[in-house]
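In what follows, chain A forms one complex with chain B and a second complex with chain C.
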Partner chain A sequence: MADPIHQFEIIKLFPIAKIGGQQIDFTNSALYMVIAVAGISAFLLGSTRGRAMVPGRMQSMAEISYEFVAGTLRSSAGSEGMKFFPLVFSLFMFITTVNMIGIIPYTFTVTSHIIVTVALALLVFVTVVAYGIYKNGFKFLKLFVPSGIPIYILPLVTLIEVMSFLSRPISHSVRLFANMLAGHITLKVFGGFVTMLSGFGLVGWLGATLPLALTVALTSLELLVAFLQAYVFTILTCIYINDAIHPGH
Partner chain B sequence: MATPTTHTTSSVGQAPHPKSFPPFESHTFASQLVWLTITFVILYVLMSKAALPRIGGILEERRGRIEGDLAAAERLKSESDAALAAYEKALSEARARAQAIANETRDKMAAEAETRRKALEADLNTKLASAEQQIATKRTAAMANVQGIAEQAASAIVERLIGMVPSQADVSAAVSGVLKH
Partner chain C sequence: MSDGTRDNGNRTDPKTDEAALSARLQHLGERLNRNAASRPAETGPGAGPRSDASAMARGFRLSTELVAGVLVGAGIGWMIDYGLGISPWGFIVFLLLGFVAGVMNVMRVAGVSTGISSAGVSRIGASNDERDRAGPPTMTK
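This part shows the complex of A and B:
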């Protein structure tokens, strides 16, 4: 049976440099990042080149993506949050695209590596903390002190708030990573059943139809998950940005 | 985060790869981070400098165009409404004026006719009165003449018949008596 972990392996394509004892290579992961960025840019810039007043299909899709993310950000962080629109939009498009590419067989899913999702979550976390302190100064700490709480349980609530705030990048990154990883492993396992059973002659062929049907169903489920996790990552980013702008609960 | 996993190399066919869980192989982290940084920065710059301003501009332009068109339609509609109202006002005014002129003319004509009729009537009345007076004088004159002629004729007839002239007073009385009948 095929190894369901094999698909996550980082394969060195060619070396680039050695910086501070760390070998930097161009890997399959890097290749798919480049493909995703090139694809997003080609899609958004190519489809809007005509600046048509009445959009065609591709331009319409580009506009829908724009308005979808803009609407999400504006509804959760207000119009002040729109200064983070390029960041949120880039995050959404990048994660959606690499997730979707990952559904295609024989491809590599960039977000199935925790280092990538952690880096993206930390980018959001650092941005939120930096902007929150820059914008609100000391008042940013009000985020941890909810108003209207009796004074005798306030220390406990504040402790919980601090812990939940600090655990945000962990849950933010692990959610995406784990969903991508688990989905792909499941798909691979069921796909493996199909090949394994089909080796047992006619009965095996008949028996393989069940995991095959499940694989098809799971693929459509994974399409949903790929989009949904990108959306969840985006909307959590919007909520965290809202905390940076309006720290008072 | 994850220490380099030192699995016991399992013997499932794959000799060159030490079996470990790829997402936790920390020696791949640096490459991934470097390329994630490079690609994401490029994506961010392309989005913030080129793609998003362009799409935002397109949407803004379209919204402006639609709003402008709606405003123009609204303006044209109110203009046509105003024109219609003005037209109806002018029409009703003209109708009222025509009515007034007709009434005035009718009244004037009626008054004129009335005065003319009255003048004519008065004229006719005076003419009638004078004519009647004339007739009366003529008749009295004629009557006076008739009596004289009758008296002369009567006295002449009597003279022929009896050969003597009757007295003027008798003839006069006789003629008057006959004329009274």
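This part shows the complex of A and C:
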């Protein structure tokens, strides 16, 4: 049976640089990130080149993705949050594209590595903290001090609030990573059942139709999860940005 | 209907024709508004397979929130032990505090009023919860 973890292996393609005695390689993960970014750029630049008043098919898709993200951001962070639209839109498009590419057989799923999702979540976290302090100064710390609390348990509650805040990038990144990893392993395992069963002659061939049907069903489920997780990542980003703009009210 | 308007245009001055047209436009606008108002109700909780999928996403969210809280508590406790050399007390205390933080995260995501959180936080939790249940907004123009 094929190793279900094998699909997540990082392969070094060619070295780029050597920084501080550490070899920096161009890996298959980096290759798929480049493919995703190139694909998004080609899609957006190509579809908006016509600038038709009545949009064609591609321009319509670009406009829908813009309005989808803009609507999500506006509804959770208000029109002030539109300052962060470039960041949120880039995150949404990147994660969606990378997830969708990962569903195609023989490709590599970039978001199935926690280092990638942690980097994305920390980007959001650092942005929120930096902008919150820049915008609100010390008032940003009011996020950790809920109002209407008796003074004798306030230190404890504040400590818990701080820990709750620190747990954000963890849950933000683990959710995307775990969903992609688990989904792809499940697909691989059911695909492995098909090949194993088909080794048992006619009965095996008949039995193999069951996991095959499940694989087909799971693939469509994965398609949904790929979009849904990108959406959840985006909406959480919007909610955190809202905290940075309007802390503690 | 088209016959009526053409007759109108032939017989009377164009002003009434315009008035009839604007009245029809207004009527159409009202009907569209009514449709738009009824749409969110259709995609409410328990509307087809999409709500199942977002329920799964919700479940994942709840579990990761709890685990993240405990992990942060354990990490802080371990670092305090390492720094101050009071092992294992920092770990024990902060693991429990982390558990509390995780439970608070979960309650917030689930939209349960925690009683200690500020109005703003519970509002965010509630609106987020609503959105989770309804699934992503439909991608239509």
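Keep this in mind: the second predicted complex is superposed on the first by the 248 of 249 C-alpha atoms of A that agree within 3 Å, B and C clash if a C-alpha of one lies under 4 Å from a C-alpha of the other, contacts with A are read in each partner's own complex, and residues count from 1 in each chain.
We take it that contacts are C-beta pairs under 8 Å (C-beta built on N, C-alpha and C of every residue); 3 or more make two chains touch, one makes a residue touch a chain.
Computed from a predicted model, the values in this text were never measured in an experiment.
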When the two structures are overlaid on chain A, which partner does A:R175 contact: first (chain B), second (chain C), both, or neither? second
With the two structures laid over each other on chain A, which partner does A:E67 touch: chain B (first), chain C (second), both, or neither? both
Which partner chains sit in contact with A:I239 here, chain B, chain C, both or neither? Use first/second/both/neither. second
So, A:I115: does it touch chain B (first), chain C (second), both, or neither? first
Classify the contacts of A:L166 with the two partner chains as first (chain B alone), second (chain C alone), both, or neither. second
Quick check for you: in the superposed arrangement, does A:F26 touch first (chain B), second (chain C), both or neither? first
Which superposed partner A:F8 touches (first chain B, second chain C, both, neither): first
More residues of chain A are touched by which partner: chain B or chain C? B
Between chain B and chain C, which residues of chain A are contacted by each of them? 63, 67
Which residues of chain C touch chain A once you look at their complex with the stated criterion? 53-54, 56-57, 60-61, 64-65, 67-69, 71-73, 76, 94, 97-98, 100-102, 104-105, 116-121, 124, 127-128, 131, 136-137, 139-141
In the complex, chain A residues that touch chain C: 60, 63-64, 67-68, 71-72, 76, 146-149, 157, 159-161, 163-164, 166-168, 170-171, 174-175, 178-179, 221, 224-225, 227-229, 231-232, 235, 239, 242-243, 246, 248-249
Chain B to chain A touching residues, read off their complex: 1-2, 12, 14, 17, 21-25, 27-37, 39-40, 42-44, 46-48, 50-52, 54-59, 61-62, 65
With touch defined as at the start, can you tell me which chain A residues reach chain B in the complex? 3, 5, 8-10, 12, 16, 19, 22-27, 29-30, 33-34, 36-37, 40-41, 44-45, 48, 51-53, 55, 59, 62-63, 66-67, 85-87, 89-90, 93-94, 110, 112-116, 118-120, 123, 177, 181
